[in-house]
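In what comes next, chain A is part of two complexes: it sits with chain B in the first one and with chain C in the second one.
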Partner chain A sequence: MSGLGQEVGVAIVTGLLQGCVYALVALGIVLVFRASGVFNFAQAEFGTTGLFAAYAALTLWGWSYSWAIAFGLAVAVAMGLLTERLVVHPLRNASRVTVLVGTAGVALAAIGIQFWQFNETLIMTMPRIVDSFFLVPVIGAPVTVQQLITLGVLVVASLVLALFFRSPAGLTIQAAQQEPTAAELVGISVRRVSMLTWAMAALLGGLAGILSGPNLTFTAGFLSFGAGRALLPGFMAAVLAGMRSMPGAVAGGLTVGVVEQMGTLSFMIEVPGARAMLLFGFLLVVLMVKPHGIFVPRTAVAA
Partner chain B sequence: MSDATRVLPVVTDASAPPATPAATPVVEQPWRPSRGGWVARGVVWTLLGWVVLALPLNVLSPFEVGVTDVDVASLAVIYAIGALSLNVLLGYCGQISLGHQAFVGVGAFASAYIVTNLQLSFFLAVGVAALFGAVQAVLLGAVSLRLTGLYFALVTLAYGSFAQETLFGITSLTGGEGGKPAPRPEFFTSGYRYYYLCLAFLALVLWIDWRLTASKAGRAMAALRENPRVASSYGIDVRAYILVAFAVSGLFAGVAGALVAHHDEVIVPSSFDFRLALLFVLMTVVGGLRSRTGVVLGAIFFALLEEGALVSMFRLEGFFEGLLGLPTEFVSLVVGPVLLVLTLTLYPGGIGQQVAPIRLWLTGHRFDRHAGAVDDVEVNDVRA
Partner chain C sequence: MSLLEVRGLVVGYGPHPVLHEVEFDVEEGEVCVLLGLNGAGKSTTVNTIAGLLRPQSGEVRLDGRSLGRRSPSARVKQGISLCPEGRRVFPRLTVRQNLRLGAWSQRRSPRAVREQQDLVLDYFPRLVERADQLAGTLSGGEQQMLAVGRALMSRPRLLLIDEASLGLSPALATTVWEVTSRIRDGGTTVLMVEQNAGALPFADRALLMEKGTVLHTAVGEQIRNVNLREAYLGA
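Coming up: the complex of A and B.
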């Protein structure tokens, strides 16, 4: 293979692997939207905060990698719970755009704290879990083991989520989301369910951050508007999933990853910011043509 | 006193919707302050006018204000215009914009291009920049007509990064990362004179904003913000008025952009990033949506905080840098969101609510501690 065909092949492989990060972010966004009807603009910052915590534990305090990851995830979950307590719960009766502004405020606060705590080294790097890469046989796309691990984590997370929503605890969550008052009447604590959802979403965000950070150098706001921006792509993936479908979020994440990578093809090289342009155009087309999403099960549209 | 009234948003009083009617109807003879009351108000007005007009020029002033401080003051005034622009969308119409840095950036680059490449006059450039801002805002607004509030927030977010990277990345128009020179107009090259120019534009913007809210269009926007369906059943053309709001917002943002371009004299695309958009949201929400005084004060507060002027003014470097280890340039990033969340959850009226009693007192009313109380930061999702 050669020329354009190979380029497209490389772009698709890279896009799919980058899409895994978007899918993890999108899963968190969909989870929160189903629970509280909120567009959570802090979702990507759960990831960056977790990443910074893991970075601090690993490089500054010299912990082992597995403990660093655990610490990073714990910090992300704590931040998710705090967001639920301090912002989302007090605003439960406010309009949804107000809550959106609130979560954007949380993201900004997180970015501020990251700048504050890490202002000595503005650009950070973190070693990968396994530092090696190989070329995909026919296409020749370089793939790091880190990216494969991300793919594996995404698969495991999707399976766990799928199983979880069939278990009693998962059904409780679904019940509380669909009919909060009725759920309270049958003895489900809606508050606890809300906390649980936000913790899960923050965990997914933390995974996205900790797994994608080592691929690049990172700064404060890494996943929101830094080098590893995943907030907007994650939201687009969630839109593709109609903001409701979990499998749709995964499919959407991979799609958005591939669409974005098309901006790196050689005939786009003259266009400045081709990736941002493709994402904007793609979002407009999706919202104009299929505002209810593409990867949505038929029953979900009817509901 | 007459000077001060021209600049400060006192004029808003006539239009501030919920505050005044509650106080007036019972009393037959309108309440008038005593002679001493008038004198007290006059003194405060003179002080305000002095701070805004005389202090920056070092006239009748014991302080020595340097050029850099005046530049910060100009920036605060420009930010106030930008925040008023977002207020039209977010406050009057309930449309959130997370891409407002692009609105401002379009105006900035348009004006810089006209002055630098076409060698045309600054004032023409500001007009064209305002026009460009309005046109791009209306185009984006046309998209918003098909979407609910939350989805529209996403579109503005994507538009912001698209504008920053693609539109502002077109090197032949914007100079790319090397930056685009935007010289100041001849008479206003000094920082002091430029400050008064910005102030004049702020006065103009405040006047347009006041006329907007006092007119049919303003009432139509208030109605469609509350409930678009009911509004349209009263014969309000919801789509047209949303587009009007976008046009006005884009107009203001274009003016702010042109002013900020010639304030910095060289502009680079990377300065119009997502952080700026969030900063505008902070200014409007913390300032108090729909309160002109509040939004202007909020913008000034955050501009001074962002530039570190507020920290040094109150000698807080020791507290922030020494005690907390927080560099001055990041104070607004940490303090701002905290204020935002507090405003959303506890003080929905923002700064506008806090200063409402003083504002009413200054315009010759009784001092009423409960004036301007707001129950909720009503940012309604239009058609959500």
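Coming up: the complex of A and C.
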């Protein structure tokens, strides 16, 4: 294979793998939105914060990789719970826009803390879990083992979420969102459900950050606005999923990844901002044709 | 000692109380109807018993023990379950899932939950046909049955039902009221709030409520002689 055909093939493979990160971010966004109607601007910073924590444990304190990952995820979850405690819960009776601004504040505060704590090493690199890559036969796309691990984590996370939402504990999240008073009346603690949701979303964000960080050098705000920006693509993926559907978030993430990579084709490369333009153009067209998103189940009940 | 004792209950949403020293008892093993007009304070009363509202003064006792400021979920575990006004079923969950969540407080005893579900479906056979349908797609009457059934899933000792008949046809309302006798015979005491005097024939005790106080109590045979004019128009 050669020429444009091969280029497109490489772009699709690369886009799907990059889309895995977007999908993880989108899953967290959809989870929180479904449970509390909040557009969570801090979702990507859960990831960067977890990444910084894992980086510190691994390279500065010399922990093993698995402990560093565990520590990074724990920090991300703690940040999710803190966000719930300090921003979301106190603003529970405020308008959703106010809460949205609150989560943007959390993201900016996190970026500030990252700059402050790591100002001596402004640009960081972190080794991959397994540092090797291979070429996909025929297409010739380079794939790192790190990307394959990310794909694997996405698959496992999606399956776990699907099973969880069919379990009684998963049903409580939906119940608390649909009828909070009735949920309290059957003995479901709506507050605990809220904390659980934010912890799960932060865990997903943490995974996205810790898995995608080692592919690039990173700085504060890495996953929101930095080299690994996944916040906007994640939002787009969530919007494609109608902000509701979990499988939709995964499909949306992969789609966004592929569409974005089309901007790297050789005839596009001369166009400044081709990737962003393609993404926004794609979203615009989708929303004009299907304003409720494309990866939306017929009944909103499907997890 | 009565199962439920309500003493000197003062409850309000602002500075002006809605309930003025409400007092009444409900005995174990009876169906009690709390009858009154819109705004009489009936919903406020049962919401306070269920723990959704905090009284300014007074108390609610179950088996002679004060429930204090316990949360609704703590009260469910103690055996008080409220079927709220407006049904409030979980619309995008199936009938089966709604029932299952009704037993959330009992989730550690799955066998008892299964038995209770069989009992509830025996009370409301219509729900069997609808088991896998989304609750939001049910008719008003079916949603009401589901709401009562869900409240029963926690195996309460005291079931509170807030305006089951609201928006239902007379025939459907009667169906729901008739089931309360079976629920009582199954060992659950029932306290239901009604504006509709049609519920009186199903009651073992009737409480007439007006302007935030219980004006009159009638038990057994007395219920037939309740002066409805007094209940609705004031003495």
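We take it that the second predicted complex is superposed on the first by the 300 of 303 C-alpha atoms of A that agree within 3 Å, B and C clash if a C-alpha of one lies under 4 Å from a C-alpha of the other, contacts with A are read in each partner's own complex, and residues count from 1 in each chain.
Basically, a contact is a pair of C-beta atoms (placed from the backbone, for glycine too) under 8 Å apart; a residue touches a chain by one contact, two chains touch by 3 or more.
Keep in mind that what you see is a predicted model, and the values were worked out from it rather than measured.
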After the chain A overlay, clash or fit between chain B and chain C? fit
Check the residue A:F225 against both partner chains and state whether it touches chain B (first), chain C (second), both, or neither. first
Just to be sure I read the superposition right, which of the two partners does A:A175 touch: chain B = first, chain C = second, or both, or neither? second
Determine, for the superposed model, which of the two partners chain B and chain C contacts more residues of chain A. B
Where does A:I29 make contact in the superposed view: on chain B (first), on chain C (second), on both, or on neither? neither
Could you look at A:G187 and tell me whether it touches chain B, chain C, both or neither (first, second, both, neither)? second
Once the shared chain is lined up, is A:G105 touching chain B (first), chain C (second), both, or neither of them? first
Roughly what angle, nearest 10 degrees, sits at the C-alpha centre of chain A between those of chain B and chain C? 90
Look across chain B and chain C in the superposition and give the shortest C-alpha distance you find, in Å. 17
Shared contact residues on chain A for chain B and chain C? none
Of all residues in chain A, which touch chain C in the complex? 168, 171-172, 174-175, 178-179, 181-189, 299-301
Within their complex, state which residues of chain B touch chain A. 94, 96, 98, 143, 146-147, 149-151, 153-155, 157-159, 161-162, 164-166, 169-171, 176, 273-275, 278, 281-282, 285, 324-327, 330, 332-334, 336-338, 340-341, 344-345, 376-381, 384
Contacting residues of chain A [partner chain B, same complex]: 39, 86-87, 90-91, 94-98, 100-102, 104-109, 111-113, 115-116, 119, 221, 224-225, 229, 231-232, 235-236, 239, 271-277, 279-280, 283-284, 287-288, 291
Sites on chain C touched by chain A in the complex: 50, 52, 71-73, 76-77, 81-82, 84, 88-94, 97, 100-105, 107, 134, 150-151, 153-154
